[in-house]
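Same chain, two partners: chain A is paired with chain B first, then with chain C.
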Partner chain A sequence: MGRAGQVNLGQAAFVGVGAMTSAILATKYNLSFWVCLPAAAIVSFIIGSLIGVISIRLRHDFLAITTIGFNFIVVYIFLYYELFGASYGIIGIPKPLIMGLKIRGFAYALLSWAILGLAILLARYLDRSWMGIAFESIREDEDVSESIGINVKKFKVLAFAVGAMYGGIAGSLLAHFKGYIVYSDFSFPYSIMILSMSIVGGIDTIAGAIAGSFIVIMLPEIFRPLMEYRMIMYSALIIVMLFVRPQGLLGRESIVLEKIRAILIETEKTR
Partner chain B sequence: MKLLPQSILETDSVTKYFGGIRALYNVSIKVAEGSITGIIGPNGAGKTTLFKIIAGFLKPTKGRVFFEGERIDGKPPHEVALRGIAFTFQVPRGLPKMTVIDNIIAALGGYWYRGIGFIRTRTRRNIVDKAYTIAEKVGLEEYTERLAEELPLGLQKRLEIARALALEPKLVMLDEPAAGMSAEEAEELKQLIKSLNREGVTIMLIEHNVPFAVELSDYMYVLHYGEILSEGKPDEVVSDKKVIDAYLGAGYARG
Partner chain C sequence: MVEDLHVYYGKIKALDSVSIRIGEGEAVAVVGRNGAGKSTLIKTVMGVVRASRGRIIFEEKDITNLPPWERAKLGLGYIPEGRRLFPYLTVEENLVLGGYSISTREELRERLEEVYNLFPRLRERRKQLARTLSGGEAQMLAIARALVAKPKLLLMDEPSQGLAPVVVDEIFKKISELKESGQAILLVEQNVKKALEIADKVYILETGRLVLEATPEEALRNPLVKKAYLGK
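Let's turn to the complex of A and B:
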């Protein structure tokens, strides 16, 4: 999210697409997690590019509204079609197996971290690729990008698709972790949660996205008594962050990183 | 009149309407390969519209545009750019939050942006070296790590030219390159344009600064209310009575 300057407020829908793909393949076709995960990534990438193509002419707030709409449509498709478990959800999604051993509990956390690690490596690689500079350039100025030979439409669709793919991978992990998913797991409030993660951490940087997820997930755990008011907290958090520090804690020009850098330079000097 | 060498770019009766407003009418120009071709004319004469049509940002209402003998009107701007037509904006527009060197690297990607070449890394040594060479060529070597938005106007214009050069263009279109520049900066720019031209790059120039255009151009067109009022060698054009009456004023001929 954010790399090519496009906002997706329906990310939960893509998490849902990944989760449903994984769940259906695992329960109906008995495919293993190791097949389901890449399949979820591919399906969400494809659906992401379709949505990207449809909304190519939209920018800023209109794109944001469209993605919200998409989120609602996806949730209702999950609710109305038997294939997606309708109102009962899909149960009995198996845990991944490594050499015949079921991965659960802490091992599952390790597995998720390993996949997160791979995802970060991929994101960092893409950042340094021509695609990365094309995204950056498009966010800065679409006309200038065209004038230097960048096919703006193609890369905007790609940016959308890559974001959707990451959502799909997260969805697959979620489905196999919980073992049970239902349409309401992917409704719009979860998109808001994902949005608050990237705003708190810092839009458009990888470190920001990860730090944001930790903070947003940990906060309700720390303030358990306030659990009921979680959505209010997320929304308040977004508003406060936008006023106080719109670039996020670890975004570009972030104070946290500046401080760390300053300290490092100081210690260099004193040596 | 000197026989013109083969033309690299031709427009054939290009006409452009914006709603009911006629911006260009039957404009046919030829740009000789290796030349510097100047286009002068008052504000609103359609000069920038003509550039935008050639670059693919606008579609002509009527007429055709040929580059190296192939039709390019209606092709998207990135395709036109990759064929070898670079252009600079009238008011410098860069990639403001990116460094000068990244601005140039972004423009070097032409080849890799096609197909799925975009997954290749852009930090390879030879690409970075190339970017620094271009920065040096336009005199930006001391500013490579600065953000584009921090540069003063004169240097932003140089950055535009650097980005254009990174495309390894056959034709560069400069939209009022000397606008807002001091006499000294304009002189430096003139030298830069001349040296690029000597290396074989065809240049098209829109200018309000008539002496600047006259000194640089091999051939000139005067646009007036969207139509070509006069064309020819610069000294012929500026002594053309129609041009003096409509645009330059009597003062120019005397001065």
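Let's turn to the complex of A and C:
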């Protein structure tokens, strides 16, 4: 999210697309997790590019609003069609197997981390490739990017699709972890949660996205009594961050990194 | 070549039937006051702004409906007003981006080398972030970034903007060097005196309309130009 300067406020929808793909393939066709996960990634990538193509002419606020709309539409489709479990959801999604063993609990966390690791590696690789450079350039200055020969349309769609694919992978992991998914798991408030993650962490860096997700997920765990007020907390967090530090904690010219650097320099001096 | 170009921003007419022609290796200047439509003209040629009517012909090809990146591949290079570098990238990274359409590593190396030879100061500062450059250096980098792709026609929007007079002289010396080496240039400038020094042909734009097409000598003799633009 944010790599090419596009804001997607419907990320939960793509998580949903991935989760549903995985769930349907696993329960109806008895496919293993190792087939469902890539399938979920591919399907959300494709749907992401479609939405990307449709909304290519939109910038800034208009794009953001369109993605919110998309989120609602997807949720209603899940609710309406039997295929997606309608209002009951899909139950009995199997846990992934490694050598015949079911992965659950802590092992599942390890698996998720491994996949997160791979996803980070891929993101870093893309970041340094021509694609990443093009994204960066488009975010900085669209007109100039066009004039130096970057096909802005193509890369914007691509950025959108890659973001959707990551959402889809997350969705697949979620589906196989919970074993049960229902349309309301992917409604708009979750998009806001995802948004608050990237704003807290830093909207344009990989490190920022990861740090942000940890903080936003851990906060309600720490302040359990405040669970009911979670959405208020997220919203407040977004507003405070935007006022105090719009780049996020680990964004460009990150305060945290600067602090660490400063401490390192200090210790260097005292030695 | 630009033919009968009309551009609207909403209902406001920014360009009204403007036709200009740039020959091979020619430096053409379009001068005029603030809001005369100079930047609009150059942006329309690049394709960043769409023409409402009229045609843009480049090397006998109608490019009016091509997106900017296609035009860049055909050989248009654009130096935007206010330089618009990538501030958080280094000088070299800015140049590499300018060579985005170059496919091989060797060719890119070669092009960078050529550009550094033209602007030795940029070579010294290659590892520096673009935002740490002085105004003059930044303008040179903006020019260099456009030159990496070896454009057949260079579109320059107000290269003198916001620069000290000494620096303006330096930049224009570079532009005139480029012109001597056979680079075709479309220059848009408020600094009429400087523009006249290097141009083969000059157009004067007033509120979206062309009011004069002349050689620099003729323009200098023209009493209207003297009065309105040269303060004599």
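In this text, the second predicted complex is superposed on the first by the 264 of 271 C-alpha atoms of A that agree within 3 Å, B and C clash if a C-alpha of one lies under 4 Å from a C-alpha of the other, contacts with A are read in each partner's own complex, and residues count from 1 in each chain.
Heads up, the rule we're going with is that a contact is a pair of C-beta atoms (placed from the backbone, for glycine too) under 8 Å apart; a residue touches a chain by one contact, two chains touch by 3 or more.
These numbers were taken from a predicted model, which means no experiment stands behind them.
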item: Joint occupancy of chain A by chain B and chain C, clash or fit; value: clash
item: Which superposed partner A:137 touches (first chain B, second chain C, both, neither); value: both
item: Which of chain B and chain C A:151 touches, first, second, both or neither; value: both
item: Contacts of A:57 with chain B and chain C, given as first, second, both or neither; value: neither
item: Partner chain(s) touched by A:128 [first = chain B, second = chain C, both, neither]; value: first
item: Per-residue touch tally on chain A - higher for chain B or for chain C; value: B
item: Chain B and chain C contact sites that coincide on chain A, given as residue numbers; value: 130, 133-134, 136-137, 140-141, 143-144, 146-152, 252
item: Residue ranges of chain A in contact with chain C within the complex; value: 130, 133-134, 136-137, 140-141, 143-144, 146-153, 252
item: Contact set on chain B toward chain A in their complex; value: 55-57, 76-78, 81-82, 86-87, 89, 93-98, 102, 105-107, 109-110, 112-113, 117-123, 163, 166-167
item: Residue numbers on chain C that touch chain A, as the complex places them; value: 43, 46-48, 67-69, 71-73, 76-78, 80, 84, 86-89, 96-98, 100-101, 145-146, 149
item: Chain B partner contacts - residues on chain A that touch it in the complex; value: 125-126, 128-134, 136-137, 140-141, 143-152, 155, 158, 252
